[in-house]
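A short worksheet on the structure shown next.
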Amino acid sequence: MKMRKICVFIGSRANYSSIKSAMIAIQNHPDLELLVILGASALLDRYGSVAELIKKDGFKVDEEVFMLLEGETPSTMAKSTGIGLIELPTIFDRLRPDVVLTVGDRFETMATTLAASYMNIAVAHTMGGEVSGTIDESIRHAVTKFAHIHFPASQDAKERIVKLGESLDSVHMVGCPRIDLVAEIINNASNELNILQDDGVGSKIDFDKPFLIVSQHPVTTEYGHGEKQIRETLEAVRKTGMQAIILWPNSDAGAEDISRGIRKFREEGCAQNMHFFKNLPVSDYIQLMNRTACLVGNSSSGIREGAFIGTPVVNIGNRQNRRQHGRNVINTDYKCSEIYNALIKQIENGKYPSENIYGDGNAGNRIANILSSCSWSIQKVISY
Amino acid sequence: MKMRKICVFIGSRANYSSIKSAMIAIQNHPDLELLVILGASALLDRYGSVAELIKKDGFKVDEEVFMLLEGETPSTMAKSTGIGLIELPTIFDRLRPDVVLTVGDRFETMATTLAASYMNIAVAHTMGGEVSGTIDESIRHAVTKFAHIHFPASQDAKERIVKLGESLDSVHMVGCPRIDLVAEIINNASNELNILQDDGVGSKIDFDKPFLIVSQHPVTTEYGHGEKQIRETLEAVRKTGMQAIILWPNSDAGAEDISRGIRKFREEGCAQNMHFFKNLPVSDYIQLMNRTACLVGNSSSGIREGAFIGTPVVNIGNRQNRRQHGRNVINTDYKCSEIYNALIKQIENGKYPSENIYGDGNAGNRIANILSSCSWSIQKVISY
Amino acid sequence: MKMRKICVFIGSRANYSSIKSAMIAIQNHPDLELLVILGASALLDRYGSVAELIKKDGFKVDEEVFMLLEGETPSTMAKSTGIGLIELPTIFDRLRPDVVLTVGDRFETMATTLAASYMNIAVAHTMGGEVSGTIDESIRHAVTKFAHIHFPASQDAKERIVKLGESLDSVHMVGCPRIDLVAEIINNASNELNILQDDGVGSKIDFDKPFLIVSQHPVTTEYGHGEKQIRETLEAVRKTGMQAIILWPNSDAGAEDISRGIRKFREEGCAQNMHFFKNLPVSDYIQLMNRTACLVGNSSSGIREGAFIGTPVVNIGNRQNRRQHGRNVINTDYKCSEIYNALIKQIENGKYPSENIYGDGNAGNRIANILSSCSWSIQKVISY
Amino acid sequence: MKMRKICVFIGSRANYSSIKSAMIAIQNHPDLELLVILGASALLDRYGSVAELIKKDGFKVDEEVFMLLEGETPSTMAKSTGIGLIELPTIFDRLRPDVVLTVGDRFETMATTLAASYMNIAVAHTMGGEVSGTIDESIRHAVTKFAHIHFPASQDAKERIVKLGESLDSVHMVGCPRIDLVAEIINNASNELNILQDDGVGSKIDFDKPFLIVSQHPVTTEYGHGEKQIRETLEAVRKTGMQAIILWPNSDAGAEDISRGIRKFREEGCAQNMHFFKNLPVSDYIQLMNRTACLVGNSSSGIREGAFIGTPVVNIGNRQNRRQHGRNVINTDYKCSEIYNALIKQIENGKYPSENIYGDGNAGNRIANILSSCSWSIQKVISY
């Protein structure tokens, strides 16, 4: 029997940790062949060298697509999608995958999805059916309307995909592949924290004392407000007096606003207990989530991995709007005082018990097994 | 009060007749300003010079976007969308519309929709919520998931949009603007048939005798089968012995297959009672639909305008799959004998009574009025 | 020793016959590996299926690049070059050629040249140093300024390249590879004319009687005048009363004007002794040049192959402006009466003696040998 | 009489200071209308906000073109040119300039030049005819072969353009517009140094004591060596013990290498007497050149402005290869010890007498006057 070729597109460091366990399972499956395309910020040094990480993890990269137009405005975000759409069809024509597996809801996902579906290649989609803020909310559901095979991460998400008119037998609740990694790292006693603090800049963090993590990304639908938004967060963090790790934002429209906010804060000398990282190895990040006094910002990791790990989380603003979350999350507005109060509450509470909302650590294998055996129809038909 | 700027993107001759009455109403509305972008096949001579038509109708064209990559394959269809996505943001940055009004479900609609929504410009969408075959089925529902204001053409479509999770107060059942034109043309006694047969090639048609119309477009999800498909149709038409008007296909992937099929048929000398048009003025086309013994192929006009006019229609294959239709339509497979039998049945039946499924002729005014007064939230939130 | 990888880009049917003999020689050379990229009009059915021809001739096509934006205006010609420039670097990154061999002076040549030279890949260029009209004149010399290895086709051209500041040891006068093909076809007694007249449309040509060939392409720097220009030619041809083969124009800006001129002429019933071809196999074309009473238009083949074959040629307008030609050519303006008089003169003169201006039939082998042994410096230095 | 529309494309901060005096003269000329397009790094915050500077100087920006693809590799440099080539024709179609005035030899210049010349718009070119290293050497001469009006900055350059086959009456030796600015700033007594050291990062510079300036850009034809190259320079600078201003590199392929070299040097704590600027206002930069003990690196400003000002310069490597320079320049290889020795020699020598090699401060007015009255032929003809 001919092996099915499964092509994974990785467009960012977040993408990679969201699909890594599925990639391993596909690579190890006797009836599947794994093809890997790296694109967008995954290729760029300034967002942390994902390319090298992927190669170090033993994956062969079949194609690279430079597609990020400089500017980080809503307009360049659209143009970058366009550049992807010009290059990806040539790549799909060459690789001829049976299925293109695409992750989540970032803007470049739209390029992968359109290229594949216009070319009558089956699209498989992870993390569909969830709800959130930003343009991601629209992208995610639009990808669902193009996708032929759905791999939602939660029961809630599965039900939403079915309501969107997808046929029940194309929707497979598998859990989130990111939780697979989390489970492995958390359960692996030999995993030690090996952060090289030289990788970032700023004050040294003493990991034996309590520390905060800040991870705040732009909200594309609130473009232009990022600098003020991050400022509120950083002020609240400083007010706690606790040492903190600050992560640079992803490459969405508005990233430059947030970066500027961080730079100014630092240049004003306000960042005395803070250490800044461009990127962290996933395993380090998960272990930090396992130890931190509180994760603050708007990263989906707080909601998703946080539920499983039990990390105390202060989730700010609309980016994770209505995404299903566990007891570990306190939501706040972009307001220093609110954020500060929530931080204090979480610091006092400490770690929460683990919840299985986003999976049990076995999503990757389920995805590979389903991809090896499922059938689909290229012509989609809405169920109502 | 500042006037709202409504920007209409027209990507093909079909697009234009689908939105013309709304454009007139917007242009005449005291609180609205009309902006017009022409793109894709609307700019190209070989698909009939839509550009000149639009200017003749009294509209100013603000921007032109060449975006069709030659090839007419699924891959160039994706790349063309990408080229549109590179250019449209620059144009939107310049025009700064309040709302981008986009039509239907063609591949270039995706470029307009993504560019506008990524840039936080409200997207209004006509003809959403319907069902059909080809990639259009996925495009249409994906556009719905990006759109902020919905203008479905039928009750059935309205309900489907609400089921897709759109908030009820963003969905306005207005009817189809194409029906507005149809009503005007049909009701206008002075409208005479002024087809210049010199515009096309082939045998002269005697419009005082019964004649057929063939309008068959590629089905992207059945790419590569077009030549055989049109052959079956043309054979069936020839078998009736009736004179026929043949329209060239649109620019979707697979158009070249259908064109080749038509050319070969003609070069073999089989097209003796046939006249070939690249394009017809809308008013002529509607009057021909009002007089023809039967319209055969897979054009949506058979379903939509056909219901209102009462045109006998033989609808072939999957392109209009499950789209709501009236009693005037007989569905068949791509099979000469089936098509022939349906043709004979329709010729014998003659004209059907008018049905209002797709509107009452007042959609354009409703659209302009709603656009002048409605509010919307850029951050979309699914209703379940 | 590692084999040198030589990558040939073919963008049109004319490109292919201009480089075919070099491709054969490279393929057969023990120290060279041939890589082939097809792009632009070479991929398109409507310009004659070059892709199939190349495969039939035994070459493997490594990459295909759809890059022609529809419109055939000066503006789309520039945009098409841009699309090529987006895709070609990805392709060169994958193929990693040592040398990119590019042909002549068409607009897409600029894309190949820029992509390769920006990426520090050596550029080898055939047919540089000649003079002509249209934008080709600028493109040709600009490519020379980027190229590292020059293969001019004539002594005259070689001297011009040296004057342009190229170092003498990078300029190799090899003759024109198109003449290699001509020599082979002309000398090969068994070559019979096997034109399938069914491939084109129009009247049948009786090849035992005298016939004319018309091959007229757009002049980009005279954009908008093509319809009138071809009209003058066709009228002059008709006036001779001689049967004629008419070739459709290439894809430069303005092609649609010329095509429209041809179509109208035909639809007015003026084309009674004319047969129209989209494309001809090279061997047929050469044999027709060997038999025709006169070749009329502005094709470079009249100048180049014509000198070797001795074909009587009427060369119209500025397209071949100042290109070195033999005694076989009469130059005229775009004027029916002038063209007619020149036609009559050439018909009466008959065939001319062969001249070796553009080579002796051994260019391909010379190119392959030089490519296998030459050295170059990526950093170019002008000689004065 | 209709005013001539002159469209200037500005792609970087260097571009702007190279053309500013001509822009002023064009804007003030009664027969000329100035159009301004900003593109490439001129739009990007991270290269210093040129956009705001231009607006502050009183120019209206007509169009903005985001065209830099992230990556800063040779491959993205080619792709960025392609993106420019897709957008610029639309812009030229809208602005309809009579002349496009383009500056120098950066990769985006090629996009402007090709778009304009393919569209039969006259191209005027400043700074042609010079010699240097990197791909700029090829770009500069290729642009000359497309340009219709030449504005060389030196006699040497003028002669080279004529040798390249350009007709003598199209070549106007006007001097370099950058020198116009330099003359004005140097001669203007009231000009005070108003550098806000807060704009950059690092140690404070005491401008009353001797200081060095480092300005080193990537050499595209030596891609991959930048980190090592800048290291040698920085070590030599440190060895002098003198305080130094370090400028970040431009956006050419390889910029990331140099930036990384600088960052590492700083993070190792070696940058104790150094201050880092992303960008400097031209007037500050010129005044710094007027005061510095020595300018070191490979910036063309050392050669060009340096000759006029008399700045001691250590010019490293091949970037300015063979460009005509004055007595103020010492050339060295990328070698710490060589650079150090040259630095010591220049520091000891002090300021040099002014030389007029690149103009007398009146280039801008000459350019405007010539543009208002000159004629040209769109069809270029090489002079030999």
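Every chain is named by a letter (A, B, C and D) in the order it is written, and numbering of its residues begins at 1.
In this section, a residue touches a chain if its C-beta (ideal position, glycine included) is under 8 Å from a C-beta of that chain, and two chains touch if they have at least 3 such contacts.
None of the values given here were measured: they were computed from a predicted structure.
Least step count on the touch graph, chain B to chain C: 1. Counted by C-beta pairs in contact, the busier of A-D and A-C is A-D. Note on chain placement: the centre of chain A and the centre of chain D lie 41 Å apart, centres being C-alpha means. For this pair, chain A with chain C, the centres built from the Cα atoms lie 52 Å apart. Shared interface positions of chain D, i.e. residues touching 2 or more other chains, are given as 66, 75-76, 79, 83, 86, 90, 93. Only residues 74-79, 81-86, 88-90, 92-93, 107, 110-111, 114-115, 117-120, 131, 133-135, 137-138, 141-146, 160, 163-165, 220-221, 223, 253, 318, 321-322, 378-382, 384 of chain A touch chain B when the two sit together in their complex. By the touch criterion stated above, chain A contacts chain D in their complex at residues 41, 43-46, 66-71, 73, 75-76, 79, 83, 198, 201, 256, 260, 267.
Every residue of chain A that touches chain C in the complex is listed here, in rising order: 63-66, 83, 86-87, 90-91, 93-94.
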